[in-house]
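Next up: the structures, one after another.
Look for subunit A in each of the two complexes below; its partner is subunit B in the first and subunit C in the second.
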Partner chain A sequence: MSNVLEIRGLTKHYPVGGAFARSLLHAADDVSLSIAPGETVGLVGESGSGKSTVGRCILRLEEPTSGEILLNGESVVAATSSRLRVMRANMQMVFQDPYDSLNPRIKVGELVAEPLWLSGIMSRKEADRKVAEVFDLVHLPTDTPLRYAHQLSGGQQQRVGIARALATNPDLVVLDEPTSALDVSVQAQIINLLEEIRQRLSPAYLFISHDLSVVSNLSDRVAVMYLGQIVEVGPTDTIFELPGHPYTRGLISAAPVEHPAQQKERLTLLGEPTSPVDPKPGCRLASRCPFVEPKCREGELPLQEITPGHSVRCRRYVEEHVDGVWDPEPTR
Partner chain B sequence: MSDSVPGTTPLITIRGLQTHFFTQRGVAKVLDGLNFEIASGRVTGLVGESGSGKSVTAFSIMRLMRAPGRIVAGKIEFQGVNLLQLTEREMAKVRGEKISMIFQQPRASLNPVFTVKDTLLRVLRIHKGLSARKAQRAALEVLARVGLPDPAVVLNRYPHQLSGGMCQRVMIALAISCGSKLLLADEPTTALDVTVQFQIIELLKELEDETGLTQLLITHDLGLVAELCSEVAVMYAGEIVEQAGVHALFDQPSHPYTRGLLQSRPKPGARGELQSIPGRVPDLLAPPSGCRFHPRCPLAQSRCAEESPVPEIVGEGHWVRCHFWRDLV
Partner chain C sequence: MAEPLTEGTTPVQVANRASGSEFWYLLRKNPVTLFGLIVVALLILMALFAPLLAPYDPYATDPRISLQPPSQEHLFGTGIWGEDIFSRILYGARQDLAIAFGAVAVALVIGCLLGAVAGYWEGFFGEAIMRVVELLQAFPAFILALAIAGALGPSFRNLIIAIAFTNVPIYAHLMRVSILSNKRSQYAMAAIASGNPHWRVLFRHLLPNSLGPIFIQSTLQPGYAILTAAGLSFIGLGVRLPEPEWGLMVAMGSSRIISGEWWVSLFPGLFIIIAVMGFNLIGDGLQDIFDPHRN
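Moving on to the complex of A and B:
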């Protein structure tokens, strides 16, 4: 079966600095990723890693600098604006801040129905029926469509956001930090809801988050981004049990313990993410990596497949690992 | 007292604290008779969701409540003095020299038109009466102490020239520069990146180990509590519903809300359904009768809606405010 989403060499650069000081912010560099029908792929990274840029390019909310994005085999990048409108019914997005992404002046039922009949997908009557159906799917009370966004709690607002995304039966839903603005107990409700929807309608999800634990709960595969590049991608279990890239290891290690008695082996990355503006050649983690060697700072580093489906962008790991295991001594 | 921590003396003792919010829609009694102690030399966690009153507690201790919030009654005792009876001038001295606070948005807490040097030297000269030269030396020392790699460079920077993690280190430097006895840390790592978050936690740990700095860590994240705290109080809708040593709280959570919070955390690398707490945090303009958690509680019975539970002892230094906590164990 062909992939729902196929991203090949996606690159997005933003010019920064004045007209004469031309610098480029590398938001995404040569990102390739595919998602199979019904699959959930987690995209993890810190702020500035480019994970949201990738999500926004997929829906062409941003124009990619170069690269190809295929939705069910059809190019999103080359689509005309009228064709894009039709294609967008098949790819939807849920945003981080549920309140900011809902128009405060329109009742939330209308908000979900309007695009359905405006785009001619269905009649007004069918659209209203669809609203009742998707609101039921996300477990909102039956009177919710008549309410305004500010009358709902954060969790309910996010349910509306999810209902809106599902109304067109999309094959792909891009979830951009859908639980980050919510309280812990509500976050669990939303994660469970996304899982339930997946079992009933099996859309493919691209789950974008800074929180590896939240992502791992839903994802079949995880891709880790750092400063515009995917540094590791693989099945969720592999990423947690046998992470290859020092950055992935750092992320896992930085997550708080689950119990005060737990002793956790810690790998500390030095300093903070460096600037994505005009990155130096070589590995982008070099200045923070405890295992850095001079060769890490040279040339381009490809993402290399270690086992089928598990790829790592780290020269030392690729050269030195034995059956995926690599336990280097810190070099500084 | 039921809520004192065994083997310690309290640095702060809060009794019957009432902080109310006077809004157009009515009076929200966010804190309505809070009793709470912060044990000296320990890191105490104050855990709750948004709207639980955890930040209001800290702002009340600092007496930084702004309208529509106001402290209406109660007592906050610190080193034998009731902070609520101090003049504004005396309180300003306490804030500079005895109790400090750091916030979620470190850059927003620093004045953007002043360099780190302006801010830090001013604090050192006013509160410690140091000469310009001595203040500069002390400033460099304290910046190095909080792990800033190049103190002399950082000193001349403006907040916007520093990363979020560096700003938080500068805030911590300000907090400890005058020898504060108590640090109130309000979600100090929430706005930071994961790898940087961990570095700040390590720094706060060091400060406890090396200088015995008493800290109140306000957070929604039980993982941070497990990392850093020795005591924990769980707050729900303006009330502390459970308090315990950190191991007891994780091993034997006795309030249904505490248990719900622990179970709703996603575990790294684990899949499957999460336990969640149904419903939402109540509106404190019209809090539920009886136990404030009863509309969301799996154990609730009719008594819970009628009668507000009083603290009951679970074990040494461990108490809970629930009628039916024994059914949970």
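Moving on to the complex of A and C:
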């Protein structure tokens, strides 16, 4: 079965600095990732790791610097603007800030109808009728389409955002931190709704989040990003039980435990994330990694497959692990 | 900046989101603004009902009663040809308000279109538009209006064109900044993700949300437009005789002030001041009301 989404070598650089001191901010570097139909892939990383940039490049809300993105085998990067509008019916996005993502002066029903008729799936009249059905899918009251965003609660606003993304029954939905702006109780409702929709319509999700616990519940596979690079990708169970990359280990050990009696080892990364502007060669975590060795700072560091479907971008792990187990002593 | 698309709310967006009922509440707390509104409303009523209010024909002359001081028959006195100044001021409100609103409306439409396009398509195209706009701005407004009015010849229509030209830059700049700020919002990105073509993102999604600052500016501009119109008419480049226009009427009486016939210039001059003040009070007040730092 072919993949819904295929990202190959996606790179996004932003020029920063003045006319004389040109620097490049590496928001995404050589990101490759694929998503099978109906699959949910979690993309985790701290803020500034480039995970949202990847999400926006997939939908071509930003132009990638280089790389290829295929939606159902068709290039998103090379699509003409008119072709792209049609393709958008098959790839949608739920945004982080539910209020800011809804136009304050347009009724939410009209916003949800837009993807339906703008993509040419149906006429504008048919789209208006279909809207009621879509609002029912996300469990919003029948009078909601006539309201404006500011008349809705945060949770309702995000349900509208989800309704808009799912109106066209897309094959791929990019969820860009859809719960991080919401209260904890509402977060759970939104997660449950996304799970319910997955069972009914089986779209593929790319779930972008900094919250590991949210990602672990929903995802089949997880990709971990650090400073623009995917440092580890693998099945959710593997990532959580046998994480390879020191950064992944740090993230997992930083997540709160579910029970106070539960004890776990804490792996603390040193210092702050380094700058994504003109990064040095070698491992980008080198200055923060407790297990760093001189060889970590040399040359290009590829993402290497350990077991089928599980890849790690760490030289020491790749060389020293035994059946995925690697228990190094801190080098500093 | 790791995330180039900034989140959060800018002052421009706050201005755009102040709701209607809140507006009236704030207005009542701003008596000065309310006063300005009343002044302008009265001037508009005056212009609309000039034929009913005017005791005499504004174009009628009578040499026998020339240059009479204010009296019961002629409230504001009479002019050089015996014309009734009060009646001419009432009809003059029509001229001056029509020029002011006409010029502002033309400038608003052209300026907003230029600014919106320049803001949405940043880069070479947008920069080119703004450089042309700045070229207009490089001249002092009155000098520019003078040059245009002079080139086109004195007439009511040309006066509107000349004044509109001087007002285009401010609307273009305001709209551009407003669009730039809204363009970075998530709803703009969502509009693209929904499959909106660019023209629809701009005109359906961004433009209606960018009109707040334009609205405030539009209450301020007619005052300046009246001042420019009066100024141009005063030096003979605007409306021509026998049309009643305040600036022209001031010019007519300017040589008579020394010889003691002060009323010919004074009353039209007063109305220019009242009108300009009225519009400025509204504009300043609205600026305060929508200022996010004040609330």
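We take it that the second predicted complex is superposed on the first by the 327 of 332 C-alpha atoms of A that agree within 3 Å, B and C clash if a C-alpha of one lies under 4 Å from a C-alpha of the other, contacts with A are read in each partner's own complex, and residues count from 1 in each chain.
Keep this in mind: contacts are C-beta pairs under 8 Å (C-beta built on N, C-alpha and C of every residue); 3 or more make two chains touch, one makes a residue touch a chain.
Source: prediction; values computed, not measured.
J.: Looking at the overlay, what does A:216 touch: subunit B (first), subunit C (second), both, or neither?
T.: A:216 contacts subunit B only, not subunit C.
J.: First (subunit B), second (subunit C), both or neither: which does A:183 touch?
T.: first
J.: Quick one: classify A:47 as touching subunit B (first), subunit C (second), both or neither.
T.: Both partners, subunit B and subunit C.
J.: Of the two partner chains, subunit B (first) and subunit C (second), which one does A:268 touch, if any: first, second, both, or neither?
T.: first
J.: Is A:192 touching anything from subunit B or subunit C once the two structures are fitted on A? First, second, both or neither.
T.: A:192 sits against subunit B, while subunit C stays out of touch.
J.: Applying the touch criterion given at the start, work out whether A:25 contacts subunit B, subunit C, both or neither, answering first, second, both or neither.
T.: The second partner, subunit C, only.
J.: Pick one for A:78: touches subunit B only (first), subunit C only (second), both, or neither.
T.: Neither partner.
J.: Could you look at A:106 and tell me whether it touches subunit B, subunit C, both or neither (first, second, both, neither)?
T.: second
J.: Is A:92 in contact with subunit B, with subunit C, with both, or with neither (first, second, both, neither)?
T.: A:92: touches subunit C, not subunit B.
J.: Taking the contacts subunit A makes with subunit B in one complex and with subunit C in the other, which residues are shared?
T.: 47
J.: Help me check something: in the complex, which residues belonging to subunit A touch subunit C?
T.: The contact residues of subunit A facing subunit C are 14, 16, 25, 27, 47-48, 50, 52-53, 56, 59, 61, 81, 85-86, 88-89, 92-93, 95-97, 100-106, 111, 114-115, 118-119, 150, 161, 164, 276.
J.: Under the touch definition given earlier, write down the residues of subunit A that touch subunit B in their complex.
T.: Within the complex, subunit A touches subunit B at residues 46-47, 153, 155, 183-189, 191-192, 195, 210-214, 216-218, 236-237, 239-241, 250-262, 266, 268-269, 271-273.
J.: Please give the residue numbers of subunit B that touch subunit A in the complex, ascending.
T.: 49-50, 149, 163-166, 193-199, 201-202, 220-227, 229, 246-247, 250, 260-261, 264-278, 280-281
J.: Once bound in the complex, which stretches of subunit C touch subunit A?
T.: Touch residues, subunit C against subunit A: 1-5, 7, 9, 16-17, 185-187, 189-198, 200, 204-205, 208-209.
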